[in-house]
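Labels A, B, C, D and E are assigned to the chains in the order they are written; within every chain, residues are numbered from 1.
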């Protein structure tokens, strides 16, 4: 197609470097950039010749804020980064600090953490599926997904008091024991969830239009994906069999039986299939966690770090002192540095925490999987159509809160 | 689980494969090492970082660059500790490389020729710390606006910003 | 019939037709929102009036009362003319569509149609082919990249699918031997609907697809694919001008649904019984029911299917529908030629 | 009635044609031509040629002119420039043309053939069936020849568009040096304070120009 | 009230002359091309009016053929214009005076 610039007398936007092409600003306000991502596209007709992601519109300075907060306050901040998977952020941060301290949460706490992580993965993938399908034009899947997500968020609200930013994991364990009947509710949800996944698959997997839109689209090879640092389902969609939960287990993931879905075709369709199968695998983990949940405390026996129980605080002098000291001064962490990576719904979520021996972290860096996954986007989209860009953005499942931090 | 004390003796750390191989390949590149909380940190000479990474990637199967970041130890020198986290998916092993640079020549060779994925991470370090990456194809601010003054994650950066 | 009476009847018919059409458009929008909402476990509009029945009224008021923005960078004459063109052409098509037999009032025999022309079908085709201008000019005059891409997509799509649409009708035309919609319906009287009696189900399928594409509806709604092009050719439009495009789209849906009913589903053919007044009303009722059925299919599809990609859409139109329509013509004419 | 309609649409026709000449932007010219074609279709209806009228609308207005408009949009044709050539053409063409038109009209108007019986409004002459019959019987050979012509035209158009197309700009992985240009072209991402500052500077500049 | 044949013919002559004028005066190659279409239309009008006058269908059939030729011509002509524009980057007819691209 020839030049696509409109009448020059009233031309207000910049012309392309070659007059056959056009510069298209997709975002920061655009229905399908999933937040405030801006993509600068050079298009020839509808073919994308070059693409340049421009980020930073959601920069919140969380990494700087960390340096001014006590460790126990930082968990709340971690929630706010990847707002679709707060439990994973909490998990990463809490595990990193626990390793710095040299303590470990008791088994029950670890299992509940795993349970919540997998529920969170389900809810995060639900948002991905809904928006991805909506981008491709299937409207109803979006609402079906949000129906189930609502169920999961209600479970979170019941256990953590908040739908999204629960701040439920604590260094050394969990904030509270789960409320009465909560596990039954989870069981009820989990039992019906397999059918629900079948329902989504009915609407999309067998649909020829959906297959046409996704198969062979936005391909990225195994080598490119690894070199660009893609992780999570985006990497597994390219045929790399790598899952931190299985390969470098944390928080007793080694005790669970689950499969790691891998697809080799490296396109949108492969990433779709991987995530769809992860729904089922996550649900299996949820069921295992429910079935084999150990009894016992949910907080580590580390009185200088973990807040005492409420009734102890009211009856024992010692507990009251610890409570007062932790709340007012925080707890100091031995100097050192750790890098704790976990498998978030989007990939490798790494927390690099440096301590200088005080009660506040010296430096916290978050390796957000979305940032690395975003680097793969230009590679996937160049030479393809604008409609494929939309499909590709959906398929790498980025969260801008995590990219910009 | 009490913390084991950190080990910094190179001889003692020879049991760790990547360090051993690295010392065998070019001992002058390694300035020191530290095993703390089961994580191996190798201090690498700035000029050698690119070769070290290439060696680790090609010879030691550290195929995946997880992260590039930096910590600012302001009053002390060398001030910036640029940190690389490498992952070997085959060996299921991580290693941390550290390059220390001073305030006045805060320049590190870029890893983008080896891992194109280093691009955004290095830009972010440049943006927030002001450490330059030599050979980075497009070193430009990534998070902060283009006309921003200063580098916010430096420890001497005023919390309210420069006025 | 004296001229004055002729004109009076014509004006009354036009007024009624326009009123009914516009109201129907408004309520189809409501029905669409309601139905899709129910398909998606939602309620849809419920606030305005009982069950949200006054929602279209509120929407209309909103469109009228909103500030009519004209962006500073548009090419003003065409920017203003484009939606009017769209709407006019969309509404004109209803003029040749018959909705039933005739009624006799006094001594005048009034056909239930604004004007009965011999070449009604050709006129509708002509109007839809000219309808491209509204969209093409809207996108071009908006001087915005998304609009331009949307209008290029829309024009290319409408031109391509017009071909398949036209060809799918030829089987019916060969059977009926006339361009007059009334005669085509009459040829199907007594359950001899084209859909099965003349074996035009392939043609009906092609027509259905092409009609969806002509009206820019899911799964062919690429010109206004909101996730790619924001709102396509009407990105820069607001208030009444946007409403004109909106109404034009739904009016086109009606035209297409009426045409499908007339050509394939036997028009107002159906069981007729009872007293004289019922004999007049029933055919109209059947006709309306069939149109509603067709529109329900539209809405249903919208709730179900994702959207094509541009090149897939073109390939579908040119490489699948067009050959199918041609084969249908060939077979139909062979059958008619051999049996006649 | 008949005459009234004729005069009305003839006037629209001529106005459209004049507008075609007078407009400087090709898209306006194209739209004027569409108006001419539309009113010609009405005149055909007046002459009882229904089928031709419909075809006029479908083929001319709906297909050929869409192609023109499409090409104008694609090539982004701006308003035409006046050159010396056009001035010469004006000087010679307009008077010459008036003479030719005068002679033509005089000749044609002089030969007012005695009125054949005129058709009533709405009456048709040349129904589609009759046209089809004569097209496929008497004029079968020309019909087939035109179909070959059309085929050749399609192939020629495809060939022309393909063969002479400049090599398409190649797609390539992002070259970060160019990415900078891309961002520069698209507008960079600066702070709100910076934008305010620049706006103020621009404002000051403008005020200085005004005072000067 | 009837409309004499000559009225139609005069209208046709006016349109044809305007087409010629546009052909000579206009400088944009697309507009020039459009003026050819205008002339064809003018001729079509006289065909149809003669057909109506003499009650012969052949006039209308001829219009049909003219339209087919016009369509073919438009397709090829516009393809040529696009090709010329791509190499010359201009639509001005004074700058496209060589018989090569």
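Rule of thumb we're sticking to: a residue touches a chain if its C-beta (ideal position, glycine included) is under 8 Å from a C-beta of that chain, and two chains touch if they have at least 3 such contacts.
Since this is a predicted model, take the numbers as computed values, not measurements.
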Worksheet item: From chain A, what is the lowest number of touch steps before chain B is reached?
Response: 1
Discussion item. By raw count of C-beta pairs in contact, what's the busiest chain pair here?
Written reply: D-E
Response to the item:
Note, CA centroid farthest from chain E's centroid sits on chain B
Discussion item. From the centre of chain D, which other chain's Cα mean sits the farthest off?
Written reply: B
Worksheet item: How many angstrom between the C-alpha centroids of chain E and chain B?
Response: 73
Discussion item. Roughly how far is chain B from chain C, centre to centre by C-alpha average, rounded to an integer in Å?
Written reply: 64
Worksheet entry | Distance between chain centroids, defined by C-alpha means - chain D, chain E (Å) | 11
Worksheet item: By residue number and range, which residues of chain D touch two or more other chains?
Response: 51, 55, 63, 74-75, 166, 179, 189
Worksheet, complete the sentence: Multi-chain touching residues of chain C, meaning two or more other chains, are 140, 148, 152
Response to the item:
Touching two or more other chains in chain E are residues 82, 85-86
Discussion item. Could you list, by residue number, the parts of chain C that touch chain A in their complex?
Written reply: 36, 39-42, 73-75, 140, 143-146, 148-149, 152-153, 218-219, 221-222, 225-230, 302-312
Discussion item. Taking the touch rule as given, give the residues of chain E at its contact with chain D in the complex, in rising order.
Written reply: 1-11, 13-22, 24-28, 30-31, 33-35, 37-38, 41, 44-45, 48-49, 51-55, 57-58, 60-61, 63-65, 67-76, 78-83, 85-87, 91-94, 101
Item to complete: Note which residues of chain A are touching chain B in the complex, please.
Response: 55-56, 59, 61, 63-64, 68, 99-104, 226-230, 240, 242, 247-248, 334, 336-339, 341, 348, 350, 352, 354, 362-363, 365, 367, 371-372, 374-375, 404-405
Fill in: Contact footprint of chain C on chain A as seen in their complex
1, 4, 6-7, 10-13, 22, 24, 30-32, 46, 133-140, 142-144, 147, 203-204, 207, 209-210, 212-213, 385-390
Discussion item. Using the touch definition from the top, list the residues of chain D that touch chain C in their complex.
Written reply: 27, 31, 34, 50-51, 53-55, 57-58, 61-63, 66, 69-70, 73-74, 124, 127-129
